[in-house]
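Both complexes shown next keep subunit A, but they swap its partner, so subunit B is in the first and subunit C is in the second.
On to the complex of A and B.
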């Protein structure tokens, strides 16, 4: 909270495939350069978000280790971090009603207009929760 | 009856003419008119009720969002408000409009509001409501789910599309 009683977020801003995203820095336990490793707890961001058939090129792949409340390992490869920005929650706009159900399913919960760009805010906890629901449904 | 009390034939005729004129004026006044927006999508003409279209925006950048269906190309920023965009060509069985050159018709009906991608605006006309004919029962293709009526424009029949039906299709 700031002096005016508004909720303040520190956002890590990055882009993948020409689309701008932001995550709450509190969700990041660590950030490292991607060294080419493969692991069961490591996921490419475009696969997590459902980029579909679009070819996505990573200029500088970076691994974010997500801070999970239950200590489960969860790491996501994003492209190079572009900015860290402090914003108040009032600057965030919800997705239009038509798009919101689709967006929330992939962890995107809001839009932040920044300098003519639309930054899509991603909550990795939502993605993880959705993945677990799907896994449970398939008996995994 | 004294000649002065007798209504002249001309008076009778004149009264009748005036009565008819009044009736005609009443009919003219009561003829409800509606505004329709005629637009092009995929090379064909279609129309919306003008009351359902808040404004037409020139081509603006559509921000793509992952995981959306093909008929939802993304988001637009209208004076600080974020709105969805619908590619209506998907529902009309037409070729997809080019994002760079398309116009966005801002549709608002009840709780539903969204931008709709169209190729261009052909005309905005006031027409008598009575000239809106029910859609042909034999209408084929994807457009059948969206049509609320048919109108005549420049000698051609144009499908009048219902924003409410479009909203219903997307909600499915």
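On to the complex of A and C.
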């Protein structure tokens, strides 16, 4: 809450493939430069978001370590880090009802207009839960 | 020959063709008619001739009858008795014949005279009476000869008829008279010796005369019979009887028996007159046959002449019509052609010269038509060409005038050129001097260029050194760039650290806000460093580009300087060669000076020649004007010729067009 009694959020803003995204800074445990390493808990953002076969070029790949409640490692490779900005909850716009089920299924829960740009807000926890549900269904 | 034919030719030239044909036909038919006329006339004369002979034969037969009656009367006077044929009756018969035929033969006077001498039959056997009979018989014989002469019997052209006539006129009557007198004389011998002296001698003479006449008669009869076999039997039989009677009479004369002499004398006399009566029809038949033959001949001649005449007229008319048709065809066609109608065709089917003339006329008309058509086309072309020539001549006239003025201008220009040539001669001398100066300058220039070459070599070395320095500068700029990359990496790491610090500050809550402000400032500082390094990288990149361009430019400059060195070397060589060229130029300038002076003289001559040309152009202009007049006259003449040609009509069948083939313009 801020001084005016409004709910505020600290959003970590970044871009992948020219599209701006934002996550709650509470979900980021750390940020490191990507050194080309590969690991089972390291995922490319475009694969996590289901960009499909589209080729995504990362100019400055950066690894975000997601803070998981159960302590399981979960890291996502994003591109340029843009900013860490404090915003009020009223500035966040929900998806249209027609698109919201599909957007939530991809982990996107709102839209934030910033300086004429549209930032898609992503919930890595929801993505992780979806992955684990899917893995459970497939016996893995 | 021509002189002989000239009048006839003049006559024919003055006549139309139909009259020519008429005159020619007349003069061709007249000879036929004349020939037929002469032939028929000749035959007619022969018929008349023979008819007159037949009249003579008939008249002579009457005279024979009278002679027989006279002889019989004399027998009666001498020997008594009555004459068998009365002299009056015989004379009446002769008178009847004379009234019918005497006028034709002109025997009127002779017959009158004869009648006055007629003996009296009542005189008895006196010597006077007998002498009267003798005289009358002699008159009869003479009259018979006259009849023979006047009836053309003595001129008979055929042998049988002529000898029969001779037997009938000159042999048989005298024979009868001689036999009669011999019988009378022989009868006197019985009177006594005194009467025998004179009578016997006379009887001898008469007997000899009888023999002579009989021989002559036989000769005549044989000749006539030999010439015509058809009458042979008819005339030989009386002759045989006559010969028999004469032989009997001769035997009685030798026996001197009075009774026998009288009877045989009368029989001999009768035999003579019987022979005469038998020969006379034969002669008449011969003459009749001749007349019939002549009449047939005349009829044939007349028929042939008439047929020939009619055929001549027929073919003459056919020839006239044929020729007239041909001439009319040619005449009509020629009349149309003379009026300018060349489409006419002379139609004639005959194959004679006129038909060929028609064909040749048609060919001639066709050729003339082609000629006229060609002439019309040629006239059109001449007309068009003469018009074109006239306009061309007008243009040429204008050109000639312009040429004349141009020549005048050229002439004046050449005069100016001549004066200019004098100036050029002066200037060329100056050029010679300038060329000498140029030669000196060129030698100096060669030396300067050689010095320039050395200087360029120095510059080349300097540029090469600069190029090495620039390359070194580029390499150092790249090293700076690497340093800037390191700085940038550091700034990025700093930025990440600042982000992590901001995250930690955000997670620290209210207590981490101050630390978050520091983290934000560090991140902004890192961003500034990144931006600065980016700008530095951009500048260094620009420097590297500039260095590269400078290197490339220096290399290009070095190449250019190298080429400049080459060019300078070539220039030196060329300047050395130019020295030779300038020397030649100087020599050429001198030659030019001399040539210019000669050109000055030549240009003066050209001025004179141009004046001659100007005069020639003036003459040419006058000639063109005259030619223009002639061309206009030619144009007018071609127009007249076209009008003349258009008077001819040369269209094909069913077409009507003028000779030019197009509407007259």
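One rule holds for everything that comes next: the second predicted complex is superposed on the first by the 140 of 140 C-alpha atoms of A that agree within 3 Å, B and C clash if a C-alpha of one lies under 4 Å from a C-alpha of the other, contacts with A are read in each partner's own complex, and residues count from 1 in each chain.
Here is the rule we use: contacts are C-beta pairs under 8 Å (C-beta built on N, C-alpha and C of every residue); 3 or more make two chains touch, one makes a residue touch a chain.
Bear in mind that the values here come from a model prediction, so they are computed numbers and not experimental data.
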Subunit A as common anchor, with subunit B and subunit C clashing or fitting: fit
Which of subunit B and subunit C A:102 touches, first, second, both or neither: first
Which superposed partner A:12 touches (first subunit B, second subunit C, both, neither): second
Partner chain(s) touched by A:73 [first = subunit B, second = subunit C, both, neither]: neither
Touched partner set for A:113, first subunit B, second subunit C, both or neither: first
Touched partner set for A:30, first subunit B, second subunit C, both or neither: second
Subunit B, subunit C and vertex subunit A (Cα centres) - angle in steps of 10°: 50
Dominant toucher of subunit A (residue count), subunit B or subunit C: B
Minimum distance between Cα atoms of subunit B and subunit C in the superposition (Å): 26
Interface residues, subunit B side, partner subunit A - complex: 63-69, 72, 75, 77, 80-84, 86, 111-114, 170
Of all residues in subunit A, those that touch subunit C in their complex: 10, 12, 25-26, 28-33, 60, 62, 81, 84
Residue numbers on subunit A that touch subunit B, as the complex places them: 18-19, 46, 49-52, 93, 95-99, 102-103, 105-106, 108, 111, 113, 116-118, 120
Residues of subunit C that touch subunit A when the two form their complex: 492-493, 495-496, 499-500, 502-503, 506-507, 520, 523
